[in-house]
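The same chain A turns up in both complexes below, where it pairs with chain B and then with chain C.
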Partner chain A sequence: MEKRKIIIDPVTRVEGHGRVTLHLNEQNQLEEARLHIVEFRGFEKFVQGRPYWEAPVLVQRLCGICPVSHHLCAAKAIDQIVGVSDETLTPTGRKMRRMMHFGQVLQSHALHYFYLAAPDLLLGMNSDVASRNVVGLAQMNQELAKKGILLRKFGQEIIKATAGKKIHGISAVPGGIHKNMSDEEIQFFKDGKEVPSIEETIQWCLEVLEHYKTFHLKNQSDILSFDQLESNYLSLIGRDGALELYHGELRCVDKDGRKVIEDMDYLKYLDIYEEEVKEWSYMKFPFLKPLGAQKGWVRVGPLARINTCEYIDTPLAQKELESFRSHNGRMPHGTLLYHWARLIEILHCAEKIQELLDDEDIKGENLITKGTRTNTGIGFIEAPRGTLIHHYDVADDDQITKCNLIVSTTHNNTAMNSSVFQRAKQIWETNPDRGEEFLNEIEVAIRAYDPCLSCATHALGQMPLKVELRDFNDVEIRTFTR
Partner chain B sequence: MSKSELSPDKILIHAVGNETRRDDGLALEAIKYIKNKFPDFSFKTDYQLYLEDVLEWCNYSKVWFIDASFGSDLKNRTTQNVPLDFNPSVHHMGPDLLASMAKEIYGSSVEVIVSELPGEDFSLGEGLSPKAKSTLNDFIVSLETQFPIELE
Partner chain C sequence: MSKIDITVDGVKFSVPENINLVEALSHQGIQVPTLCWYQGMDECLGTCRVCTVKVGGRHSAACTMKTQKDMTIEFDTDELKDLRRGVIELLFVEGNHYCPSCEKSGDCLLQAQAQDMEMTHSRFPYEFNNYDLDFSGKNILLERNRCVHCKRCTELFSDDEGHKVFSFIGKGAETRVVFDHEREKKLSPHKAKEAMDLCPVGAILVKGQGFSKPYGERKYEKEPLWEKK
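Coming up: the complex of A and B.
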């Protein structure tokens, strides 16, 4: 049977490099979509043989956007090696790590929303590509762009104050943290002189949410019809079902909100988790064993967390959650709703940071604790893009013998392929010659997940978007570039 | 830049790179030389450009941005308005976009000079490739030609 395929290479405005091929059959119908992850990192292999205490510093080099998540997830896993759990960390260790994480989620979400997603949403995904970027956004709404930049800066400064550096920090160590916050550092986030004050930050989060909601309600039908993907949702969950970004039990619900598994200790994740390998991608396809590979895939990240949680334990974000649910229902599946969920989480993080800045424990001197040495450590954390898993086995000589990392984007692998397929199919069937618009809408679907396909070097150079239409014999018959 | 424009309080020299990615560390090597030659200027080094760097750029009348490149030639250029085929990604938070943001968002008139230093090996590892070493040498020679007085 003759087939054709369309290749989109690389996908722009996602973290790292990816490629999309759309496979057509002889009836010219879209048959399959594949998001190829073309980079191979090898971190799981090359940390083997390194002493376990190096893991939090080494593995964060996976990423330049969410290194804190890897740093903290590894630290949580390595805590177990030194016999420490989140419950037995010192109050200062526990709270400093959380503050670092809230700063991380805030800055990452702000970057994604203002720099990557908002140009598509607010300028229109089919608007002129020359202005569909943050500069175009600034021309449309200068104040919004300024707030986006300052929100991102605020998050980065929180990371610096807690991790020691804005990127690739070093403060989370086995059994705790090696830095507290001084009065001067706390004041830095309260006085509003060099960065917006925490009160101002919260206010801006609210304003951005209002701005988004106005846009959403005006364009609701377009947003919701863009891609509806009924799925399972997975995340950590806090006490009594609260939204939780740092530590909690594991919860998975189905498309109707029913628990697929009972809330469980994430240390037992291997009882329910498995990864499938496909020959065309370096990225694995995780699934829940009880449901099997076909039905057991999940979505993670902001929309998943909003769908799994019962409530949010900060007042303003809780109010926004109620607003979100009043407009979208209890279990919405619209892929573009990730953006609204992301903005609620930014607000939640800002509120949490405010709580912690007023907490005397972050100035404490008791930073590190230890317990009975073990040989296995498993860490889970809710990274900005979703559930992140680090698993290490360590020999008696302190060397890491095994490392397994399941990153957030991997969880969303099947979902991203499905969203691309749904979107591409709709466009292909209505107008296959839409060219630029066709490409961008597929990218918009991928970007909603804020995937991190890994980042590496950043030398100056071209990053073209190229689309190839190829026949079954891989002969190029049509090409789009921009 | 002419020598008369080289007022230290107006100029930021900003280099990005990663020395553990071989030639990606080219700009960091270059800035070591520049620091010796122009010690009174403001310097900034980092792994990459960030969105919020625009705030710092707006404090200067000139920014000299230096980075490794995939290109074949050593190039010094001014920034351009975001061209029609420009589609930003996180990896490519480039100096042109940042300069545009400075202008459009903050009304800044900062002039940005970009030095692109071509390398060839961006794999994990330390030390510059032969091509990058040659680039660095060419860069230094061009500086000494442009600003000979400081050599005395």
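Coming up: the complex of A and C.
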């Protein structure tokens, strides 16, 4: 028998455009799986020659889902160009940016869970594709879908109040922020008239978590057996090991929770990072130098953050973390656990927003600070999908001479390929004739990471998926598309 | 000042004699779109032609005309509206204007006029010309992708000592704005900001300032051109 290849193209309900190829050997066994990212945008190139202060506004255009993360990560990097660090930002600048980021993570996670992932989980990953979406979810559980939509809206309104617009705001400027929050804007989130109040938002987060946990416990064996991927986990980490989404040190732990990178200043990331390029994808493969390309790949995002942190510094989310760990252990590796972790983070963000809405500093007038001009700026942030890195070199005359972006989805590149392989292998070995189910389950595995392929390649376009089956001569045998 | 009668689109108006036509029409509630000209300007530049009207049946830049007895002006006709929008469209295709990442977005008169004229696209092909940015200034960045060659900076701006700072070099399509490096270096922050504000587009930028105003606080969001009509 000849080597063959299966193609899934396009992958659906993810952000961006991807394709999966499954390679079969002469014995008709699955040999390799590749998630190809076929978009190319070139932001790193065309930002060169632009003035440094444009970066936070320009680069965020590579994404419509998590532009705030790019906006803030670039702003953190550009802060260094003007001699400012997170520690020297004004309290108003720092807290407004943090609030913006919590709004971003909340809305992005709500979008992913309710619009992209929950239809698979709650309606069944092999249910009718025509109704496996948020509308189908609303038909099944109107109240849950409504809360999901309004939770996302709450996050978007927080972004609008802090960044100026729900998508592609402009408020983070070198050394700070150009707006504070007025009493009216704060009241908007407390009175519950136009959006759920912050108290109601927190309550809904708890209800959604309860709903998920009930589902999880009923389907635990399926969820955990879907894909177990032992990996390293990387994230920023807060003081004393607290979960941190905006600013902190860099921590990496191995599959057993041992620190493989001691908590380090992320400005030194080049000491431990390297990126590999493969000919079949526009997405790079970053890895930790001390561990090498084979073993140095990591997973980032909600599950990684939950696994790297010691605790969560908001009480309700901490309680949920304890519940998560009591069910799944201290270092769980189930890929579908990303969803549970994501819901804990939604709750954490809502609690943090509540704290900040009560903080007088967000109304402060001291918005921007400056320091001594430098030529290199490095920003790290925990974007909804994981650790995001922006690195800029700026000449003395203020033009950007180099830009490197390592986005969350890029970090998860090897992991996504591994998850696709594991899932495809399991299906192929039990029933190779399952066409639609191939698509569904492979997509579910990819979707758990909530990848943004546009961000990852800094690319343009929609994100549908295609699976190709190819023989050992690379001749296409079967293609599954939707 | 003696008053005279003029006719605009068939309607008679009594206006002061020998004043700028754009200003005279403005006092009658008729807002002629402009780009190089602004209220209070002593001398017109007449460079952009965005204010084109017909006077006595001939196309003329309104900012270059003075009110004269029995002037007959056509302004609000489909032909002239299309022509004025065509001028704006040509400016967009000749330069490289990316409003979403431009510091002057919301404060930009070209953008405001395009919005006011409901320009959704250009009927002309984009030229994607290559323009250099001039980063050599101490205070000011020249973003030539956005320059509309209106001459506001070269004709109307001077430093604290009264010296011109900006000038044009080259001819025709090669014309580009430059500055005197010695004088630019000595500009006070206040003067640099004045130059940036004088530029109707985002070609003159104060270095390092970035996006200083929140949405809603920018000039043409606070006072949209179309609300003046």
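Worth pointing out:
To be clear about the criterion, the second predicted complex is superposed on the first by the 453 of 482 C-alpha atoms of A that agree within 3 Å, B and C clash if a C-alpha of one lies under 4 Å from a C-alpha of the other, contacts with A are read in each partner's own complex, and residues count from 1 in each chain.
The criterion applied here is as follows: a residue touches a chain if its C-beta (ideal position, glycine included) is under 8 Å from a C-beta of that chain, and two chains touch if they have at least 3 such contacts.
All values derive from a computational prediction rather than experimental measurement.
Once chain A of one complex is fitted onto chain A of the other, the partner contacts of A:L267 are absent, as it touches neither chain B nor chain C. By the touch criterion defined above, A:M140 reaches neither chain B nor chain C. In the superposition on chain A, A:L291 makes contact with neither chain B nor chain C. Between chain B and chain C, the partner in contact with more residues of chain A is B.
Of the two partner chains, chain C is the only one that A:G49 touches; chain B does not reach it.
Contact with chain C, but none with chain B, is seen for A:V173 once the two complexes are overlaid on the shared chain. In the superposition on chain A, no contact is made by A:M331 with either chain B or chain C. By the touch criterion stated above, A:Q399 is placed in contact with chain C alone, chain B being left untouched. Of the two partner chains placed around the shared chain by superposition, chain B is the only one that A:L116 touches, whereas chain C remains out of contact. 168 are the residues of chain A that lie in the contact sets of both chain B and chain C, per the superposition on chain A. Here chain A touches chain C in the complex through residues 49-51, 53-54, 57-58, 61, 82, 164-165, 168-171, 173-174, 178-179, 395, 397-399, going by the rule given at the top. Residues of chain B that touch chain A in their complex: 16-18, 21, 23-24, 46-52, 54-55, 67-71, 82-95, 97, 100-101, 104-106, 114, 116, 119, 122.
By the touch criterion stated above, chain C contacts chain A in their complex at residues 100-101, 103, 133, 135-136, 141, 205, 207-216. Only residues 12-16, 64-65, 111, 114-116, 129-130, 133-135, 138-139, 142, 145-146, 148-150, 152-153, 156, 166-168, 455-465, 482 of chain A touch chain B when the two sit together in their complex.
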